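In what follows, structures are represented as structure tokens.
Each of the next two complexes has subunit A plus one other chain: subunit B in the first, subunit C in the second.
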Partner chain A sequence: MILLEAAPPPVRTPPNGRTDRTARLQRALGGATAITMLIAVGMSFLYAPPDLVQGQAQRIFYFHVPLAWVAYLAFFVVLVGSVGYLWRKQDGWDRLAAASAEIGLVLTSLVLISGSLWGKTIWGTWWSWDPRLTATLVLWFIYLGYAMLRALTTAPERAKRLAAVLGIVGFIDVPIVHQSVVWWRSLHPAPVVLNAAGPQLPGSMLATLLVGLLAYTLLYGFLLVWRVRIAGAEARVIDRQRQTALGEE
Partner chain B sequence: MESGWIPVGVAFSLVWVTLGGYMAYLARRMRGIQMAEGLAPALVSDRPSQAPGA
Partner chain C sequence: MPPGFWGQVGSLLAADLRREWRGRAVVGLMVSFVCVTGLILNFTFNLALESRVATAVGAFWTALLFATILGLGRVFVLDGENGVWEGLTLILLDPGGLFLAKLGSNLLFLTVLDSVAVPVFAALYNLPLLHGAVLLPIALGTLALGAAGTLFVPLAGASTAREILLPVVLLPLLVPVLIGAVQATVAALTPATAGQPPWTGLLAACAALFLGSGYLLYGYLLDD
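The block that comes next holds the complex of A and B.
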């Protein structure tokens, strides 16, 4: 009985078929991303007309908005993974949330950088404590805190639980970021697509934006599958090392 | 060239340098973990080495 209790946990090695499937999915997403991204970049630089007011600088819109959209999506996936982990207590949900949070943090950084460059060109300032910008910066700090919590908490199970709670609570800021331009007076333009009156863009600009949204969503899917595969492989190696260590005792 | 292209070019480059850097980081991490798992192709060639004097 004592021997049974001391037995190491089973190694979580997925069947080879599953590993192959996720690798194939990653390759397919990589290919689809590359093709769609080339079209999106071509459309944003060559097809879409310059804006009447902002001129060529408005083209930042074609990657700034898709980056913001996929950052929202990434944090929604963190929410789903966090709820899944607290409910089912399965590490797969936790790995999904952790992977998506890391990608979301990178994407939000790019939203802030591209927005700052755009702001300098159009508003004449790199930064303004405007509701949309401030709420986005708060979002960035929330998920920076999430990453630090995971990195610095020494008890892994406690880190997963706390991160899941933060992943759920932190998502509250996403609708605040989106609605900030509606709720408060803001320098930042109001939504031009998800608008009560319908899309406020000419057809060529709307088509370019929609292709960009598709391309960056595929890129997010590609990065997510890749990052989850890495996390899964790392968990298997840690399990194997633990098993070896227990076997040597 | 209209000056509006400069911020577009700078922003686009920064976005893709960052994304490229992140993908390079993921590739390095993947390779490291595959080696730890014993899945990566061996660093040493499979061909039998030629013994001196053989």
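The block that comes next holds the complex of A and C.
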């Protein structure tokens, strides 16, 4: 009886045309990611010159900075999915937010790890409580909390609404966290690309960075489409199991 | 004639206060918790430092933060045991009003907590907290903590891991509140420091974020 009440409207298997379209999109993104990623990695090791001061260690910049940008994009997509879900009440929005949060959390972990490797070489320490590191760590914890809330809330329909509320408030809180830790203390290199005087990078370094940015954005898109498709398949399996269980009663 | 918006908010607020007055189930525990945390933190810090005031203010806000999270979590559990949430689905008040009523009673509990915590920390940590200048930071900090707690307690409350999930979700979001509250209080106690960032403005922004999102989004936490 409880099962009956909790059952959401049945999820129909999407018409084959749509499955084919997302599968094709995923394959196209996968191919584009593989090609641009090869170029990006090649440029960051072979084309971009070694840094005058930091030497070879600076090359981690072509990995670290695009990851950070794409992580922010991923959390913005969580916001979009969350607003979309509360507004339209369609599960697709919720799956988009959930998938993007998972990927964003992995990307932010890589940002923290790559930053830490660079810091050990250049600053001589794995960690410093400088504003951007601190804000990134807080960001990581906010979306860790989001992932745990999703994992630990047992009522599925409720979990989607709660996660959406957290996805919205969490994202709005990010700039406030950032400003608060900037005021709180300030060692991280100043921004070299988004700078009032224009990019302060030699052309070859900027080009390498931009190709990296494209490669990692494509990687994010590929993973996102893939993860959303898996979540859709999971929902269909659960729905089918539920229908089978109801049929047996 | 049915009661209007504020009439309904008032009756819900009064119901919470009446329960607390009869049962004394939350405020006493919060006050005891903040005092014993003050005792414990004293053993973990070196108060002979030059930064004694900043350390002591940090201990004060840490104790208040944890007392708030645990106390408001307890209010939620009591509401659940008494079937309050089921009852609330029957009233016509919009969810924003419900948030304001819950916030009102929570803020009154926190005010009692503050009024005990301030003299206790002033005495135990030899802090000049009994000073008009700290009123604004404490009031804004309490408002931000109360609004965030009122919004996030039901959010984490649907989980079986509620007691530990709530701080895991809420503490990272409260980083700016804690920074702003500690720095604004220290700045109020040491007026010589010029050129400080606008700490009370930061606190006000946090309070506005949690008040606004609580008012607009509270309904999504409840309707089931």
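FYI, the second predicted complex is superposed on the first by the 225 of 249 C-alpha atoms of A that agree within 3 Å, B and C clash if a C-alpha of one lies under 4 Å from a C-alpha of the other, contacts with A are read in each partner's own complex, and residues count from 1 in each chain.
We adopt the following convention: contacts are C-beta pairs under 8 Å (C-beta built on N, C-alpha and C of every residue); 3 or more make two chains touch, one makes a residue touch a chain.
Fair warning: this is a prediction, and the values are worked out from it, not measured in the lab.
Residue contacts after overlaying the shared chain place A:173 against subunit C, while subunit B stays out of touching range. In the superposition on chain A, A:60 makes contact with subunit B only, not with subunit C.
Once chain A of one complex is fitted onto chain A of the other, the partner contacts of A:142 are limited to subunit C, with no touch recorded for subunit B. Common to the subunit B-facing and subunit C-facing surfaces of subunit A is no residue whatsoever. Listed in rising order, the residues of subunit A touching subunit B in the complex are 50, 54-60, 63-64, 67, 106, 109-110, 113-114, 117-118, 120-121, 219, 223, 226-227, 229-230, 233-234, 236-237. Here subunit A touches subunit C in the complex through residues 86, 138, 141-142, 144-146, 148-149, 152-155, 157-159, 161-162, 164-166, 168-170, 172-173, 176-177, 179-181, 183-184, going by the rule given at the top.
Put simply, subunit C touches subunit A in their complex at residues 151, 155-156, 158-161, 165, 168-173, 175-176, 179-180, 183, 197, 199, 202, 205-206, 209-210, 213, 217, 220-221, 224. Interface of subunit B with subunit A (complex): residues 2, 4-5, 7-8, 10-12, 14-15, 18-19, 22-23, 26, 29-30, 33-34, 36-37.
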